[in-house]
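In what follows, structures are represented as structure tokens.
Common to both upcoming complexes is subunit A, partnered first by subunit B, then by subunit C.
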Partner chain A sequence: MNRMLMMPVLLPFATAILMLLFQRKIVLHRILGVLSTTLLGVTALILLHGVMREGTLALQIGGWDAPFGITFVADTLAAIMVAITAIIGFTTALYSIGTINTEREHYFYHPLMQLLLMGINGAFLTGDIFNLYVWFEVMLISSFVLLVLGSRPQQLEGAIKYVTLNLLSSAIFLAAVGILYGMTGTLNMADLAIRIPLLEHRELLTVVAVLFLITFGVKSAIFPLFFWLPASYHTPPIAISAMFAGLLTKVGVYAIIRFFTTIFTSTDATLVHQLLLWSGGFTMVVGVLGAVAQYDVRKLLSFHIVSQIGYMIFSIAIQSPLAIAAGLFYMLHNIVAKTNLFYMSGLMRRIGGSYDLRKIGGIYDSYPLFGLLFLVPALGLAGIPPLSGFWAKLLVIRSGLEAGEWWLVAIALGVSMLTLFSMIKIWNEGFWKQHPQSDYDFATSTYHHLGRLDKSMIITPIVLLGLVTAVFGLWFEPFFTMADHAAQELLDPANYIESVRGGTL
Partner chain B sequence: MTFLLAIIIGVLYAAGIYLLLRRSMVKVIFGLIFLGHAANLMIFTVGRLTKGSPAFVPEGASQVLEPFADPLPQALILTAIVIGFGVQAFTIVLFKRTYLTLGTEDLDNMTSTDQLPGGKS
Partner chain C sequence: MYSVILATASRYLLMLLLMFSVFLLFRGHNEPGGGFTGGLVAASAYALYFIANGLDAARSILRVDPLRIVVAGLFVAMLSTLPSLFMGKAFMSGIWVDTGIAFIGKIGTPLLFDIGVYLLVLGITLTIVFSLAEEDNR
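Moving on, here comes the complex of A and B:
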């Protein structure tokens, strides 16, 4: 079972190499992409099942015992994240077939997507902070190339901001890792969790914690470090945007959860937890205010990513078991709903002819079913029962009330209203009103001219993720139990430490 | 030695951040490179400096004799240099390409992705 831990990393890696060997065979790339992500899904489910049954799994790479070698660890949180990554990877592989043009595909689009998945999975599974840095870089460099693939002026301009700020955060990460190593003499997360409470010289601890907060704050786009996100996420083709929107920022959130529960407990870094709390509040407000001002669907959704991250950060900062569980469930719900909305925005452009809400309209008249497909993730995101967002927000608000953070709860509720408002804005402008060109013929749209296969490749991911959102909402209990279990593990790292060191010491 | 390195690291950080705040893309690249170097030297320094005693097991002995230089920070730096090299190479190509496409290297002119499309800026 423990060897399964490597599979989520090896599988995309092997697929990428295989694709590069058959460089010119685009059809093969597509098939391999779908096949590999399907297998990834199966592996992730086996892993999740194993973790639920046997508890946290650990694998010492190369047989070097912890804390000397690199450890791969899957606790419930990591296993859940890998599973959701597989789902998004699979749907994006399908969506790419329908939407990415052949020129991009010739320039290694599919192998890069696999390498991105590898980096993301590696970041979730590693139990070593320097190794985490390496996976972040794997993920970043793949995302850089995907972002500029095609080199349109907008993409390049967005990429400059994305690349510069992310490299800056990597440099800070590296320095923080170095200082922490100098203080504790270890890089293993479990070992750090043991040694940090015992440190004699604690002066630098807050500094290091804040450096990590800045690093992961940039990656997860929290206030006031999010500016690169709305400047770049809307520039690449929609399949790439959707993948980034769903997963990349959440890797940052995952790292924040991992660092500020397992490694730095709230007694070690009180300042950071205070900062997180208020940053969460500001992130929600600023993100949603940015969103309501936008008319470009992709930019509107990009600002929403920021706003939603605020909810997760807020609940992580509260640090009660319920709050962490709420944050995790929120993250799962958000990854699915957000990716789906991006897919939908691509479909809206193909039907209506533009991403600009002022230039499209009337989709509901011509394609009423797509209206329904849009409403599932949109109302889910806004938090309308019985969809997943309702439960996610209910949990966040409840844990906020229990912690006595009245102001932040009020902010969260207000932001929720504005989220609903901006979703209704997309609905009114894109689906409900007449198309601004009164003679616009939907039979001339790019969507109408797509082949049957391409059409189904665009619709299937939207339907699948819509179903997931509905399932999260209607069968909420098992998912919450899982998130709750993960939260318990995070707040009591003894189990994690035991699994990492148990087999060897 | 530690004192000297600390000064150098400080200067590199200061220069890196200063360059990063400039409007010219070339300076931004140099800023990023400086920050990378500063971080590498910092790992080296906070990992404790031990002069002239590498972590080799002497002949006849079964383990390394104290004091010995910790090899791990060196391994970290090596990895970080390699990664940094790759990423910087990519960044330079990206900046060059951006310059050729947009015809400007002034970062203040690159605001189109931040503006509301069609609205007033």
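Moving on, here comes the complex of A and C:
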């Protein structure tokens, strides 16, 4: 069972190499992409099943025991994240077939996607901070290339902001790792969890914690470090944006969860938890206000990513078991709904002719089914029952009330209204009103001219993710139980520590 | 600018430097050296040849696209991890085979991994050097 732990990393890596060996065979790339992400889904499910049955799994790479070697650890949280990554990877592989042009495919689009998946999975599964840094780099470098692939001027402009800020945050990350190593003499997460409470000289501990907060704050786009996100996420093709929107920022959130529950408990870093709480509130408000002003669908959705991150950060900062579970469930719901909305924005442009809401309209008239499909993630995101967002928000708000954070709960509720407003805006402008060009013929749209295969490759991911959103909402309990289980594990790291160090003691 | 002295010397230096790079690669397990340094030295050998004789000559003496070398390196490095999986040991454990020949000694998967790194570094460096050179020619 333990060896399964490597598979989510090894599988995309092997696929990428195989794709590169057959550099010119684009059709093979596509098939391999779908195949590998399907297999990834299967391994993720096996892993999740194993973790639920046997508890936290750990693998000492090369047989070097923790804390000296690198450990791969899968607890419930990591296993859930790998599973959701596989789902998004699979749908994006399908969506790419329908939308990415051959030129990009020739410039290694598919292998890069696999490497990106490898980086994400590695970041979720590693139990070593320096190793986490390496996976972040794997992920970032693939994302840099994906972002500029095709090198249009606006892509390069977005990429400059993205690359600069992310490199800066990586440098801070590295500095923080160095200081922490100097203080504790270890970088193994489980070992850190043991040693930090025993430290004698604690002066620098808050500094290190804040440095880590800044690092992961940049990656997950929390206030006031989010500016790169709306500036860059709308520039690449939709399949890439969707993948970034769904997963990349969430890796940052994952790291925040991991660091500020397992490693720095609330007694070690009170300041950071206060910072997180307020930053969460500001992130919600600023993100949603930014979104209200936008007319480009992709920019609007990008600002919503920021706003939604706020909810997760807010609930993580509360630190009660219910709050952490709420944050996790929120993250799952959000990854699915947000990615789906991005897919849809791509379809809207193909049908209506533009990303600009002022220039499109009347989609519901010609494609009523698409209109209904759009409502699933849109209302889900806004939090209308019985879709997944309702439960997610209910839990976040309930845990906020239990913790007595009245102001932040009020903010969260207000932001919810504005989210609904944004979604209704997309609906009204894109689907409901007449197309501004009164003689616009939907039979001339690029979507209409696509082949049958391409069409189904665009529609299938949208339907699949819509189903997931509906299932999360209607069959909510098992998913919440899982999130709750993960939260319990996070707040009581004894189990985690024991599985990592089990063999050595 | 073409220099007869440099061009002639580079032909001999190429061989010497490549041999030295392989020496570094094998030496690396217990002493300073290894795949990374070896790969860099090998790349610098080709880079020197390119400076002396031009891009086309360097490409033709390398025979394969440097990007292919990168892929081969990744592939070899990945291969080196597989024996540990099949032998039921922890992932990436070193598996050693004693050849029984005094001169060679034990051969193991870490060497295979190092060869992968060697190829990867060689390929990447040359890809960068050649791309920059092409940009210059335009």
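Operating definition for what follows: the second predicted complex is superposed on the first by the 505 of 505 C-alpha atoms of A that agree within 3 Å, B and C clash if a C-alpha of one lies under 4 Å from a C-alpha of the other, contacts with A are read in each partner's own complex, and residues count from 1 in each chain.
The rule we apply is simple: contacts are C-beta pairs under 8 Å (C-beta built on N, C-alpha and C of every residue); 3 or more make two chains touch, one makes a residue touch a chain.
Values in this document were obtained by computation on a predicted structure and should not be read as measured data.
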Evaluate whether subunit B and subunit C can sit on subunit A together after superposition, giving fit or clash. fit
Please indicate which partner A:220 is in contact with in the superposed arrangement: first for subunit B, second for subunit C, both, or neither. neither
Considering only the touch criterion stated at the top, classify A:167 as touching first (subunit B), second (subunit C), both, or neither. first
Under the stated touch criterion, which partner chain does A:14 make contact with: subunit B (first), subunit C (second), both, or neither? second
Contact-wise, after the overlay, does A:358 reach subunit B, subunit C, both or neither (first, second, both, neither)? first
Touching partner for A:319 - first (subunit B), second (subunit C), both, neither: neither
So, A:6: does it touch subunit B (first), subunit C (second), both, or neither? second
Specify the partner with more touching residues on subunit A, choosing between subunit B and subunit C. B
Going by the contact rule set out at the top, does A:76 touch subunit B (first), subunit C (second), both, or neither? neither
Would you check which partner chain A:345 touches, where first means subunit B only, second means subunit C only, and both and neither mean what they say? neither
Smallest separation of CA atoms, subunit C relative to subunit B, angstrom: 9
What part of subunit B is in contact with subunit A in the complex they form? 16, 20, 25, 28, 32, 35-36, 38-40, 42-43, 46-48, 72-73, 76, 79-80, 83, 86-87, 90-91, 94-95, 97-98, 101-102, 107, 110, 112-114, 116-119
Show which residues of subunit A lie in contact with subunit B when the two form their complex. 130, 133-134, 137, 140-141, 144-145, 148, 151, 153-154, 156-161, 163-164, 167-168, 170-172, 174-175, 177-179, 181-183, 187, 230-232, 234-235, 293-296, 299, 356, 358
Of all residues in subunit A, those that touch subunit C in their complex: 2-3, 5-6, 10, 13-14, 16-17, 20-21, 23, 59-63, 72
Residues of subunit C touching subunit A in their complex? 67, 70-71, 74-75, 78, 81, 84-85, 89-94
